[in-house]
Structure formats: C-alpha cells, structure tokens
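Okay, got some structures for you below.
Common to both upcoming complexes is subunit A, partnered first by subunit B, then by subunit C.
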Partner chain A sequence: MTGKTKKNFSFRNFLFRYGFLFVLLLVIVYFSASAPSFFSLTAAISVLHTAAPLLVIASGLAFVIMTGRIDISVGSIAFLSSAVAALMISRYHLSIPLAVICMLALSCLMGAINGFIVVILKVNPMIATFGTQLAYRGIGLFLTNSMVVSLPRSIRFLGNKKVGPIYVDILFSLFVLLIMFLVHTRTQIGRQIVAIGNDISIAEKLGIKEKKISFFGYLLCGLMAGLGGIVMTLQVGGVTPTSGTGYEFSAIAMLVIGGISLYGGEGSILPGILIGGITLAVIETGLNYVGASVYVYSFVRGGVIFVSMFADALKTQIKPKAKIIEDEESSTILAK
Partner chain B sequence: MKKKIIVTLLVVVVISVFAAFAPAEQEQTVKVCVSWNEKVHSLIQAWQDYMEMYAAELEPETGIKYEWIVNVANGDANLQNNNIQDCINQEVDYIVARAQDSGTIGAAIKAADAAGIPFITFDRASTSGEPTTHVGEDGYLQTRTTAEAFAALLKENGVEGKCIELQGDLLDNTAVLRHNAWKDVEEELGAWTTVAEVPTEWKAEKFYQGALNALQANPDANCIYVASDFAFSSVENALSAVDKLAPTGEENHVWVAADDVNPMGYEAMKAGIIDLGTTWEAYSVSVLFVDTLNKLVKGEAVEKEYLISGRLATPETVDSLEYLYSLDPKYTD
Partner chain C sequence: MTVSYLKMEGIAKFFPGVQALKDVTFEAAKGEILGLIGANGAGKSTLMNILGGNLQPNAGRILIDGKEVCIDSPTAAANHGIAFVHQEMAMLPTMSITDTMYISSYPYKRGLIDYKKIHQNCRSVLKRLGCNFDPREKIRNISPGDQQMVEIGRALLHNPQIIIFDEPTSSLTLREKDHLFDVIRSLKNEGAVIIYISHFLDEVFNLCDRVMVLRNGETVGGGQLSDYTYNDIVKMMIGSKEIDTYYSRSEHSTGEEIMRVEGLSRTGIIHDISFSLNKGEVLGIWGQLGSGRTEVARALVGLDPIDSGMIFINIDGSMTPVKQSETKKYIGMITENRRKEGLLLPMSVKNNMSLANLPKLTKKSIPFVIDPKLENSQVEKFVSRMEIKISSPSQRVETLSGGNQQKVIIGRWLQKNPLIYIMDEPTRGLDVGAKADIRRIISELAEQGAGILVISSEIEEIMSISDRYIVMKRGGIVNEFGGKVTREELVAAATGALTEKE
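Moving on to the complex of A and B:
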C-alpha cells in the first residue's frame, strides 16, 4: 500500500501542477518584505480588483483555448462593445439597460463572426482573429472618432462600489468564474470542449458535433469579452482608444499560468484562472507598491509571459513520455 | 474714326474684365502627408482641424492650397514608419509627423531625406534623426511652469507635499521632458517629495490601477502630479475608491497638478479637483505649424525648432484663456 503511494507521487507532476503557486508565494513574500503595506487586506483586495476585468475575459477565452484554438481579438471586442455602449449612454442618452443589452448582443455577434471564420471557413485561428482584432478596433476608432468617451458622472464611479471592504466587480468576476466553472465541469458542452481539445478526430468519432461546439466556444468568448469590457469601462469611467489593448496577451498568460494548456484539452477554470489572474495582478500591484523603476514593468511582464509559455511547452513535451512510462508500468503490472 | 474708338474701347473693356477676374498670383497646390501616431484624445483632432482651418483662411492671401493626406498609426511605431513610406511613394511635397516613438522616427526622417522631401516633426521631437524643423510646445517648460506654481500653492497652504507622480509613456520624448521638469523643480524648491512614480503608458486602465495602488501603498500621500489629464476620470475613480475625491477646501482634498487642460481635465478643474495645470496648446501650435510650412513652401529659411510655451490655468483663470480648445463643444469628450 505504501509502495503504491510512493510510485504514484511524481515530483515532476507536482511541480507542473503547483509550480506557479510556489512562484506566487515567493512573489508575495518578496513584495511583502520590500513594501510592508503590501501584506494587507487592502492590497489583497486591490490585487483582485485589478484582475477583475481580465478574469472575466480569460474565463471566456479558456473555452476557445481548451479546444486547441486561440482568439486574440478579445481586447478589441471589449473595446468596441464598451465604446458602443458608452456612446449610446453619453451621446445618444439611451437607457443604461438597453445599452448593456446592445453591448452584449454586439459582443456575441463579434464572437460569432470569429467562430464562423475559424470553424466554418477553416481559417487559421491566429490569422483570423488577428484580422478581426484590427477590424473591430478600427470600427471602434471610427465610431468614437478616436476620442475618449467618458461616462456620465452619475454612473462614472460605479466601478468603485463596494460591499463591505470588497469591490462589487470582484464579486462579479468570481461569480462569472463560478458559472464558467460549472459550465466546464458539469455540462455536456464543457466536457465536449475538452474532448475536442484532446483530439478532434476522436471527438468526432464519439459523435461530438465539433463545429457546433467550437463555434459555441467562440460565441461564449465574445460574450465574456463584452462583460469584461463593462468591468474595465466602469473602473476607469470611460472608454479610450487604447482601452483593451494588450488584454489578449495578458489573458492568455493568465490562462497558461493557471495551467490551461495552449495545446488544448487541459486545464481548469477554478482554481486555474484565479491563480493565473492573481499571479499577474500581484506582480503589477507589487511593482506599484515598491515604487519600481518604470523600466522594470515591461521586463517583468514579458518575463512572466515567457516563463509561463515555456513551462506550457515543456509540460506538453514531457507529458507523452511520462504517459508512455506509466503505460509500460501498467502493462508490466498486468502481465505479472 | 468712330469705328476705331469703339474697337479700342471694346479692347480696353475686355482687358479690364480679364484683369479683374484673373488671380493675383498663380495658385499652388501642395500635398502634405500628416502622420499621426494615434488619436487617443480630442487634442489630436483639434490640431488637425485647426491646421486645415488656418491654412484655408490664409489661402487667398498666400495662394497656397494644401491637400492633406492623413494617416494614423494606432500607437504602432513600425506602422507609422510604413505609413510615412507610403506617403513618400505617393510623392508628397512635405511630411509632418507626431512620432509614436521618438527613438525610431529617425528611420522615416532618413527615408524622406533620401527622397528629397522636407520632414517636420510635430509636438514630439525626434531623438533619432534630424528633421527639417520641429514645431511644438516645450514639454519641459510646460511642466516646469506647472511644478513651480504647484510648489508656490503648497507653500501658500502650508502643505509639506508627499506626491505621487503619474508618468506618461517614456517612449514619448514629451513624457520624459515632463518627468525631468517635475524632478528638477522638486530638487530645486523642495516643496514636495515624490513617494511613488507610476508609469501609465498613456493608458486609462494604468492611470486607474497605478493611482489606486500608489494611494493605498502611501496613505499619507497628499498630492498628485498627472502628466496628462486626457483620461482624468481614471484618477478621479482612484481617488474616489480611497475616499479622497474632494474639491479644494475640503478636509480630504488631495492637491492635484495635471498638465494639458484637456476637456476631461477642464471639467475636473472647474469642479475643484485639479488645482492647476499648464495648457498643451492646440490652436497656437497649429498656427505656428502652418506659418512654418508656408515659409518652407515659399523657400524661406526656417529654424531648427519652433516651440511655444503653454499657459498656466487654475480654476479661477481657466475660463479667461483664449483659444482654449477644451471649451469648444466639438472637442468635449
């Protein structure tokens, strides 16, 4: 019994599964030692508040990445849908619920366009969503005339609303993560998405309607980008032409850090995305707290993204070998 | 004889009519490529509008008709250089560019020089190549004006400043000049200590998150310098999150110096949140640019750079400033 337990424990697997948790702990210890006020409830809440828009966006993107595809237009979807809503509210004085409904419908439409191009027209996901990334931002810049669209003062500070000490957008993003977690783990669609990411041809042989499910992934991704756009806009009180730029790469990094493989079929919404989101936000917030040199920020951001991608690639290279060894061991045991 | 007189009179009349309707000077059409690095706020649109408007006003007098070819690089320095190359290929007569990256615009300047096209850098100077001339506002002087007035204001109110500096994008030479001016005045006058420097890359999200984190990390901070107020709602939201959004005179007021007096900054200044700032001029710089361009077209000598200085604005004086684009409803964000 004891021997079996020893055999099942793999330090390598343990490291791959929990490695970033150790990194996160080390980062927290470092910032806490460098800036005493960092190790506090206020800072912890601030970290989650900073991460909130990206947590929502990443939760949708996860459903695309788990199918083994990618969507790099999420930042532009967040920008265009937010810009349209802000214009409807500020310039055309439409009601807020109507603007929000239009915004979410528009973000679904943009996700559906991505899904159509990638899944139906079979265009390479990177190229297709790079094209729509430019197109969506271009439409947004045209509509706003490349100007800042500020929200009316009556709703400008909604992004700061708190329940007790906790910002409402933190609760909202955690709620979204929970819903997405349930969709991923407790529904047929969630399991089918993972199956497609593992192997499309096997998934199809199993009777999974690959195109339909993958298309749904893109649609959901668009919707979540729109919801994330709402959080982002409320935090800053308006939409600027640069809103959402770089979000796609931060969201991808968040997912990879959280253990969602870029090669598809692997990873979890909870705690995966939460760990990834917190890690990135801790670094960003920590640098603010320690008053780091402005030139350090880009270097650290780039370094984190590189390390997470490298770890993902390494994991994918090592995994099949480990599987073969495990299979051989199982066969030996069975033969005995 | 009578016939001769009639013919002579007719000739005189015809010549007079032609003389009256003939243009005083031959009209010259000049193709100008305007390369914007991005259009992140209404100031850039205002610059373009004022340039076109002022040039059109001068047209009857100068006989120079400008044809504007405008492109925007959406914050991408490589795209901007490609856009400028497209202009060179179209054989424009002049190129004016607001650089996304002062350190890489030099490549475009060299390409234009090789094609024999005069190049004017606008608003943001080049650190990587020498253009024909540079037209803009003095970023160093702007923040120096703000910082000196801010030091006087803090001293007047008996405040020992502990300031947060929200910097711009340090790829932008103007942002660097503003940072340098802030540091210089801090050292010279000792009216405040900068407790946190926050890079924003001119992104609203980073203004918000950076300001919020810095305010939480330094609860005793009592002043903020904002390198540009174009997305000031982000700073207001951060102040509001820590219950420090209060106008001058209230107990929890944080002293704020914010440069540019963009529409959002103007609104905050009128509300008493921003205590002072120096304008980043739209109209005057555009006028200066068109005058410089006219000189080049006429073959007159130009200087290496033409810089103007902004005007100090406070809640009391801001409405009295002439040609303030922030007061034009067309540019209200």
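Moving on to the complex of A and C:
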C-alpha cells in the first residue's frame, strides 16, 4: 500500500519536473507542422537570440525568487541604466567603457535600493518593487524626454554580430548563465540563498546572516538586470521609452517554467532557466512564424504565465504528502 | 569514581517575573550519560541553553576540564567542544544532506565549495552514526528519523566533547529510537560527556548512567540510576506539594453515555483513541506535552483531519455516529490558546460572546438581521451568570484579565448549550482566584448534565476536577483510571514508568 502511494507520488513528481519539457516538445512539433521553415537551425538561433537579454535578467532575478521574494522592477532597471549609458555615449560623447561601468554601478544601486526597502524596511516585496518599477522608469523617461536614444553606428553592430552562425549575445548569455549556475551551486552565498528560501527562521538558526544574504540577492538581481539591459539595447540599437516593459513578467515566467518556485528554495539555474527561456521564446517566435496577430502574443504569454504558476502552486501543495507517507510508515511500526 | 569533565556551579537565571533556575550545581564525567529530567517548566531547557550559549546565567560558573570558561554565544560553546542537538530540527527540505550540515561553514577550494571533500566528511560522519545514505540526497526525501541523524551529524562535525540531546526522540519511531540509543551509547564509549534531556522515564532508565532531577529550577536529587526506582524519581519530580484546595470537586453520580469515540487515528499523530464519556462527568486527559492530548481534542471537533475512527454522540436518547465535520454542533471547544484561537481581541465582549450564536439572534420579522435587544439580553444574562467583571458589554476583550477572557469564551459556548465541552488548558496563565472560578463553572456545567473533557498539564488541577482519567503517551492511550487514582500513578503512567511493569 505504502509502496504504491510512493510510486504514484514519484510519477507526479516526474510530471512536474519534466512537464514543461513535454510542453516545449509539443510546441515545437506544432509550430514545425504549421510552418515547415520553423524547424531549422536559423529559427533555433533566432529563438535564442530573442531570449538572450531575458536569460541574463532572469538569472539575476532567480536569486531573489529563490529566497521566496520577488522583484518586478527588473525591466525598469534595464531601461533606466541603458538610458543613462546611451545618453552618456550619444549625447555627452563619453568613452564607452566609462559608460558601461557607470551603468552597471547604477543598476547595482537600484538593486540595493530594492534590497534596502524589502529586506531592511520590510516592505512587501511585490509592492516595494512595483513602486521602484514606476520610479525608475519615471526617472528614465524624464532623462530621455520620452525620446528614442540611438547608439552610435560604431557599437550598434555588436547587437547582431555573429561568430559563425551564432550571435555573440547568445554566447554571452550562456556564459552569464554558467557563471550564475556556479554562484548558485558552488558558493556559500548561493547555497545560503536557497536555505533562506526554505525557511527564514531556520536559516537564521543555522547561523546564516539572512538580511545580508537576501540584500545581496537584490543587488545581484539589479546588476544582472543592467547586464541584460546592455544586450537588449545593443539588439535594438538604442533605448526607446518602452524598452524593457513587461520584461519582469517574461523573466518570472521563464523562471517558473524552468522549475524555480515562487515559494522559494527550489529550482536550478541550469538547465532550469535555459528550458524556461527557450520555451517562452519558442512560443513567441513560433507565433511569428505562423503569422499570428501581435495581440495574440500577450494573450498567449499571459496564459503561459498563469499555467506555469498554477503548476508551481500545485507542486507546493503536494509537498506535504511526502511527509505523510513517511508518517504512515512510522505509525505501522508503532502499531507493531 | 571518574573525574568530572564538566561542572556547572551555582547557576541561577531570572526571567522577568520568574526565577527559572535557582542555584543549580552538577557535574558530568567523560564516558557517561547523564539524564536530566523534570516536569514541564522545571528548568531543564533553560539550564542547557545556558551551557549551549543561547542564554546567559545571572549567577554561577561553568568549568570544563577544571578551567572556568565563558560561554557567551553558540559559537563560543562550539569552540569549547559543546554541541547541542535541539528538539526542533533545523532542516532544509529542498537541499542536500551535505548542504544542511555545512550551510554556514563551507570549505572552499579554488574559489568554489569543495563538495568532494565535504561529501566525503559527511559520509564518514553518517557512517559513524550507522547511516548509509548518499549525502547528496535531499532532506525532504529522508524520514524524520534519518533527519534526526543528520541533526546529530551536524553536531558531531566539530568533534565535540560534550553533547546535549534535548528530547531527541519526540519525532522518532521505536526502531529509530533504538538506533539513536545505540548511537548515543557508542558516542559515550568514544569518551564524550552526554547530557540527555527527557521527560520519559523509561528512556532515561534504558539509556542513562546517572540522573539529575530538577523541579521548579532547583536540583532535587540525583545520582547513580541503579540506586533509584521509578517511584523514587516520580516522587522527586512532583515533590510533596499538596493538591490545592481552592476548589475541590464534590462527589456526584454520572448519567448515561453521551459520547463514545472508537479507534480515532491520524497517522503519526494519534493512534487508536477509544473512550467514552458520560452525562455529568468530567473526564481528565492527562499526559506530557506532545503526548497527543491536544491533537485528540482538535480531531474531535474537526480542526484536524483523521484517517480512521468513529465518533458517536447521544442525540435524543440514542448513540448516533456523527461525521467529524458535524461534531461542532454538539461540542463546545475551548482552545489551549485563547488569545490566538478563541477570541477576537480588538472586538467587544458582546461581539465575542454572540459570535458563535448569531443565527439564533436574528429578528423574527427580518431574516439575517441581528436583533440588538435579543443580543443584549442574552449577553447580559451570561455575563451575570459567569460573573464576568466588565464595565460594559462593549468593552474590548483585549482589555480584560485572562480569567475574564476565558469566561467570555465559556459564556459564548453556554449560549449554544452544547452537549459536550472540551476544555484544553482552561486555566492556563490565570491567577488562583480565576482558576477556582473556572473550576467552579466546569463543575456546574457537569452537574447540569454536560459531558466535559478537560486537558491540563497541571496535575493538581486535573485531579481536583476530574471524575475519571485517561492517560496519553506518544499519541496513544496508555492507561485509564477511576476517581481514586494517586498523583504518583498518573505521573508514572504518563512518563512510561508503568509500561515496564505491565
């Protein structure tokens, strides 16, 4: 009896863990059937190209979400930091390295502000970062006068530069994912972030400086949003007033699809984010290939986010079951 | 006689309003297991938290290996070779065993965590504990017993000389418990000082070499266990204090059966609970903290799910099986934690009292609308009957004393007039006068024909009001006693001293 429940449970577990891989396959098969040109190397590369900036942003956001908190200001951080860098380069003709350094410092600062408000002032993370989302974008719109700021030709080519058949930004985002993977799995800070996501009070009991580590998570999230902003800006060739809008939800969707739980403590950078990112990008590119209306995109993205979060909620609901199964065992022993 | 390695001398600790420890002195030698026992609140945990660096004593000194040491933090305790295995395990369910053990002290190699090394360390520590699982296994995939081994493994990482076990068996099965005892014995043979805190006498007699008994923050006795019997220890634990006589229950006859419970079980929590309750009877459920007594009460009124078992209630003269979700109609539950689970603190006495009874207080002419006159008269009736001291029915409940708050809850149920009352720690935190009042009310309710289940951790209290007793231990009923039971018998049954005799 016990064995049967266990087997059942692991099947569900299997479904939850690899469910989105099936969905991804289904989606690919569907689009390939309806638009034969979709199943090609060119299309695959363009999928990854589309996903590149979001992969970078999501890899930082993961460190906030794994503590069980959230940051919905990442799109605005990418926008404001890119806008400042673009202005420094185009309008004030400062050197490019200086602009990049300033922009990354600025994105760290924005992440630190989020961290301060959430971790130190203990404001609800969703509300706090919703506020900073508006504030950061507001500053950016003010600085740019809500105008497009174009990058000079000398660097604009970088966004679509290829090494062989592969875009440079794909390689860059994969490199970032690898680094973040190592930070997550092979450093004390990364491990402690997961511990905090398990249970803040237990983490503190185990000697983890919860506030410091969680704050670091927000800082890293800001930095990665800035790095993602660079990729985003290079791809477009400039900063527009809507750059980065909606990125937070796409990034969250990527993470959740990839198995990183919004309840914290769960999930992996690799392959998690990569699977999530590719799934989302395949759907969008695929819709493009079959010639769907632009308005369908938002609808589909919304649907995907909802389904993945529902799956996440179900996953946490089945967790306690594992415990009961063990209890069952123990009580039968007790009964003897 | 072995030389003592650890000595705590004249330890005292005050908390605001209480003296938790008064002048406690004891010694422990290497290669021995010292059992530390005492009733709830005797000061066992306080004493060990001082040794573990979680609390600072107000007086006294600690000597290790003859040298006086200052233990001002858990880290300092670890540096002095003291390890504390807490009752509450600190586990990280989504992480590996290795991570859970090393989370705040990872060793590095070339900039990255040296997993190869710590997996190996982990494996060898676990092997020492007789466990053979993969250190990469996630905590949530291993049983509570194995988690306890991980908890102990973490304590062993720093090669401690003194190991404190605080109620380590509370979440273990019998088999796991036996294994743990083997592990503790082997640690003892390796030459560690072991301090074992428990309120189960059978465990202490099974495992320990020496014993120390605490009562009300004082050492009341101790020595080689072989010199004592269960009865000696029980006597030391409860002392010679007389049962208080503020309210003693008069003898009276009980009526027909009003509730019968058969085989109530919830896996891992309670098992095979069967008893019956008569009209006009007060049945005391006695047991240690964590024995499952509160869980039985919660299961009876549907607050916790059950896996099997039947509840019968005498409805209009015949015993009818009642679904767990419907017992609320017949049972009034007064919870253990009145401030959190029983009362809406910012609301008025009136609102709190009529809360459970609103459907009966509606106007006859208009459905769903509360009749204020009817509500006021009802509330006033019960306020005067219960002698609740309030300035007006609109006074906020949070401004009342504990005793009056408890009366408000009881008054609420009186309005519904249930057949059965369950009272979990009804006088906790109340002063002597209020306690006597509540006991008087319980007695009156019984005389009016209600069946009453009372749970209390104060033995004097439960003995002063109960007609009959059931004793619980580890989620099951171990004994049933009639009215003529002695305190010693009750304590012995709940601590497992009687099970040996059977």
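The criterion applied here is as follows: the second predicted complex is superposed on the first by the 313 of 336 C-alpha atoms of A that agree within 3 Å, B and C clash if a C-alpha of one lies under 4 Å from a C-alpha of the other, contacts with A are read in each partner's own complex, and residues count from 1 in each chain.
Following the convention adopted for this analysis, contacts are C-beta pairs under 8 Å (C-beta built on N, C-alpha and C of every residue); 3 or more make two chains touch, one makes a residue touch a chain.
As the structure is a computational prediction, the values presented were derived from the model and not from experiment.
Student: Between subunit B (first) and subunit C (second), which, if any, makes contact with A:265: first, second, both or neither?
Tutor: In the superposition, A:265 contacts subunit C only.
Student: After lining up the shared chain so the two structures overlap, which partner does A:55 touch, if you call subunit B first and subunit C second: first, second, both or neither?
Tutor: Neither subunit B nor subunit C is touched by A:55.
Student: Once chain A of both complexes is superposed, is A:231 in touch with subunit B (first), subunit C (second), both, or neither?
Tutor: The answer is neither, since A:231 touches no partner chain.
Student: So, does A:27 touch the first partner subunit B, the second partner subunit C, both, or neither?
Tutor: neither
Student: Touching A:64 in the superposition: subunit B (first), subunit C (second), both, neither?
Tutor: In the superposition, A:64 contacts neither subunit B nor subunit C.
Student: Who wins on subunit A residues touched, subunit B or subunit C?
Tutor: With both complexes superposed on chain A, more residues of subunit A are touched by B.
Student: Looking at the overlay, what does A:46 touch: subunit B (first), subunit C (second), both, or neither?
Tutor: first
Student: A:186 in the overlay: touching subunit B, subunit C, both, or neither? Say first, second, both or neither.
Tutor: A:186 sits against subunit C, while subunit B stays out of touch.
Student: Examine A:199 and indicate which partner it touches, taking first as subunit B and second as subunit C; both and neither are also allowed.
Tutor: The answer is second: A:199 touches subunit C but not subunit B.
Student: Note which residues of subunit A are touching subunit B in the complex, please.
Tutor: Spelled out, the residues of subunit A in touch with subunit B are 35, 37-38, 42-43, 46, 49-50, 53, 137, 141, 145-151, 156-157, 159-160, 167, 232, 235-238, 240-243, 245, 284-285, 288-289, 291, 293-295, 297.
Student: In their complex, what parts of subunit A are in touch with subunit C?
Tutor: Going by the criterion above, the answer is residues 182, 186-188, 191-192, 194-195, 197-199, 202-203, 205-208, 265-266, 319, 322-324, 326-331, 333-335.
Student: Would you mind writing out the residues of subunit B in touch with subunit A in their complex?
Tutor: Checking each residue of subunit B against subunit A gives 38-42, 44-45, 72, 74-75, 167, 170, 195-199, 202-205, 207-210, 212-214, 216-217, 219, 230-231, 233-234, 236-237, 240-241, 264, 331, 333.
Student: Along subunit C, where are the residues that touch subunit A in the complex?
Tutor: 74-75, 90-95, 99, 103-106, 108, 112-113, 115, 140-141, 143-145, 172-176, 265, 267-269, 271-272, 474-475
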